[in-house]
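I'd like to ask you about the structure that follows.
Residue numbering begins at 1 within each chain, and the chains themselves are lettered A, B, C and D in the order written.
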Amino acid sequence: MSSSDIFISETIGTAVLILLGGGVCAAVTFKRSKAYNAGWVAIAFGWGLAVLAGAYIAAKSGAHLNPAVTIGLAIKGGIEWSQVPVYFGGELLGSMIGAFLVWISYYGQFRAHLTDPEVLAAHNGTDGLVDQAAAPKAGPVLGIFSTGPEIRHAVQNLATEIIATIVLVLAILNLGLSDNGKGVGPLGSLLVALVVVGIGLSLGGPTGYGINPVRDLGPRIVHALLPLPNKGGSDWGYAWIPVVGPLIGGAIAGGIYQVAFA
Amino acid sequence: MSSSDIFISETIGTAVLILLGGGVCAAVTFKRSKAYNAGWVAIAFGWGLAVLAGAYIAAKSGAHLNPAVTIGLAIKGGIEWSQVPVYFGGELLGSMIGAFLVWISYYGQFRAHLTDPEVLAAHNGTDGLVDQAAAPKAGPVLGIFSTGPEIRHAVQNLATEIIATIVLVLAILNLGLSDNGKGVGPLGSLLVALVVVGIGLSLGGPTGYGINPVRDLGPRIVHALLPLPNKGGSDWGYAWIPVVGPLIGGAIAGGIYQVAFA
Amino acid sequence: MSSSDIFISETIGTAVLILLGGGVCAAVTFKRSKAYNAGWVAIAFGWGLAVLAGAYIAAKSGAHLNPAVTIGLAIKGGIEWSQVPVYFGGELLGSMIGAFLVWISYYGQFRAHLTDPEVLAAHNGTDGLVDQAAAPKAGPVLGIFSTGPEIRHAVQNLATEIIATIVLVLAILNLGLSDNGKGVGPLGSLLVALVVVGIGLSLGGPTGYGINPVRDLGPRIVHALLPLPNKGGSDWGYAWIPVVGPLIGGAIAGGIYQVAFA
Amino acid sequence: MSSSDIFISETIGTAVLILLGGGVCAAVTFKRSKAYNAGWVAIAFGWGLAVLAGAYIAAKSGAHLNPAVTIGLAIKGGIEWSQVPVYFGGELLGSMIGAFLVWISYYGQFRAHLTDPEVLAAHNGTDGLVDQAAAPKAGPVLGIFSTGPEIRHAVQNLATEIIATIVLVLAILNLGLSDNGKGVGPLGSLLVALVVVGIGLSLGGPTGYGINPVRDLGPRIVHALLPLPNKGGSDWGYAWIPVVGPLIGGAIAGGIYQVAFA
């Protein structure tokens, strides 16, 4: 498969992932949304099924959609190391496009929310998805774009992201269906999607489960760029954790796989 | 397969889709329903599993159940263009039958709801699924039949419908299981159904996700025809958006598929 | 396969179906249950996954678990008519064993509930699953055993049961996996289970979706027999509806299949 | 397969099972978790999908993850009796590692919770998952590690655990996919995971569904060992029930299988 084929497929697939994943955060956050306040079960299924949709759509390129998966597969030997930057590029671009499409899809809701005096008064840096301690840093809709910790502590937040990503990548590598870089197949996509639902339910509590560098970084860049009124800060101080943690987790998972299961 | 086989299969399958889809809206809306107030997770799963049931039942004809899917498959080359009107006809008729069966299934609930002074007093054109701004237009049970926007703005509502439909049709086209017009197979049906759950959770917030012209239009016609007391208007001013948006989205998805994945 | 093999398999499978199905009703009804008040989504998934568990376990005999399915398959030609009574017998016995096991599993909860003065005072014939109008008939735990209507009206309740059962049986018949009486296979079991979740979410509102004669009748008999304090009536006046309705629905579905899809 | 391969695979798989399973209990228990109070549907899906993740990851060794499953398979003849202790060892060690990782993942949340005066004052031996009657025995976070009864009664609690485990093991044995000790395959993993969701929804109410000796014992040991402030007792008086009950249930299921389905 050519590099451009990989790039295009990963871009579109990751855009869908973030469109649906960011979408469900928007859906439960905004008062003028039919899914307002639908709860964490909605969030966890929303993100998991976002993986499902993205995985089908990017099946051509193996549907990594996540640099941590790309790293894990490269260590396992499922793809060439020379392809890694191509995957990374598509994944990052796609994540930004996805975040942009969330904004388009919820355009009126963003505006109503960010100009609602009640929201602004109540907002002290938290939007329900971001910790109080982040008050001066996180704007009232940042949680729709990026993750943030409930209790801000770098080592601990990093540990949570590493552990959660190990589970994700280990599950993907053990499907035994992705060796040829062609993704995990329709059934495998479903299984991975449901594992993501499970990770969200179980390990999403402390940090909102980035478990994917571009899932957090791409939308955060878009948050910084978009002309949103009263959007507040993009919390760049936290931004390295959901990038570095998942990369470490993906590499550890690749190592565990080689040692224990290969 | 003969045109009449296609027509009958799509009619029955789409009737089941709308029966279960409209059914879950009725189930959560009516006080005298065991699922009263069951929330958006119930709605999203209800509609997704409605797709599942309809897809099995109409497997013979490929289970399009949706003109946007028919359009996307025609562009991809999965069916003959000459069959398109047959699919459209079965889909529209089926959607009307389905809406009618919702009314039969919840007959007593409709009557109790629409003659309840408390409901009528509280209703100002919104039934919990329809925007305040729609007050003079949408009756208190229209949300069980058709979609309506939370924030009424034609361009934006259209954009949301287009984006959500692109995700749906792109996922269906990429399953790679539907080339021969025989539908997506049992596993494919499940995957599509779950993508629909995901779209509902993530992109259903602003407009209630029509993503299917007949899903909205057929039941709206039935709403206009049924002898319901105090039913209010059918909000025809909005009716073109969930028809035109999904058709555009399906066509765009067909184009993206041809360019990026074929 | 011998009649005794069919009988044993259907008995065990239907016992599991009712054990898990009645179990989830108990789980959400009792205050001293960890799932107290878990809502309709829990009920719908609980019953659907009860079908899943029963279907695996009774795969040997085709996992009908439901006389309406047996009727539909007999009309389609999937089983011999002479086997029908064997299936019916196993299904009815299994449903009674299942209801008995619910009582064992929640023994302390039943006793605490039925001797709680607060529960008894509040109970006026309704247990949250049964209509007010049924007050003099339905005891405070009958909803854990059998179904009951929200609005009591024989014709309408019958219509809802018929319609919901048609959807169920039509989906099963169209899986195209059950022709040889060997059940629907592992994937088919999952699909049927999810259709049952969907029917529960969408059409369970008015009557609590019997859609299976023995699902209602067997546990109602057990309710009548069990030595429960203050258990109240078994609402025999309603009992014929979830028996007759599903049988009619199964037969209609078999007919539709023969005409439209065979 | 060598004993060390089995041991390593079961250890890692069971660690993932308990990490995600204990994780969801932590996620809904702690105020400073994004999934706080997400309800029993979240718990049931969290545990079921924990099985899914563990099952993929330990597919190499058949992914028992549960001594009750090991017993049932040994009786059925799926594995050698000489391998049973190897499975048991890996399962117990894995469950302890998993519980430890829950603590790491929610480190700050544990500390905040256990030093919150409001939590400590409100806690009278119950943590929302453990019965009032257990007050002097169960600490405020024990429910994140181990199960506990809503109504404490040895015979009854044992009966519930036996019944629930019979359903689990009977479903696994009847998948017909696990004869060769290689686990249930990707689709089988999904089916078993969903059966576990169903058991949780339906039979989890009275005892919190141990249905797996190490799922309860391993984390309880870790609870006893961890340096948690104000952690309270580990309720050792109850500890034998979720060990003995599931072992009996697994053996009974193996026997039923041999008699009725083999």
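Going forward, a contact is a pair of C-beta atoms (placed from the backbone, for glycine too) under 8 Å apart; a residue touches a chain by one contact, two chains touch by 3 or more.
Here the structure is a predicted model, which is why all the values come from computation and not from measurement.
A.B. asks: Is it true that over half of the residue numbers where subunit C touches subunit D are used by both copies, so same, or is it different?
C.D. replies: Answer different: the two copies use largely distinct residue numbers here.
A.B. asks: Considering subunit A as a copy of subunit B, what rotation angle in degrees (nearest 5) results from a C-alpha superposition of the former onto the latter?
C.D. replies: Angle of the fitting rotation, subunit A to subunit B: 90 degrees.
A.B. asks: Once you find the CA centre of subunit A and the CA centre of subunit D, what distance in Å lies between them?
C.D. replies: Those two chain centres are 29 Å apart.
A.B. asks: When you check subunit D against every other chain, which residues touch at least two of them?
C.D. replies: 39, 41, 187, 190, in rising order.
A.B. asks: By the document's touch rule, what are all the touching chain pairs in this structure?
C.D. replies: Touching chain pairs, listed by label, are A-B, A-D, B-C, C-D.
A.B. asks: If you look only at subunit D, which of its residues touch subunit A in the complex?
C.D. replies: It comes out as residues 8-9, 12, 16, 19-24, 26-27, 30, 32-36, 38-39, 41-42, 45-46, 48-50, 52-53, 56-57, 59-60, 101, 104-109, 112, 186-187, 189-190, 193.
A.B. asks: Once bound in the complex, which stretches of subunit B touch subunit A?
C.D. replies: Contacts found on subunit B: 39-41, 43-44, 129, 131, 150-151, 153, 156, 159-160, 163-164, 167, 170-171, 174-177, 187-188, 190-191, 194-195, 197-199, 201-206, 208, 256, 260-261.
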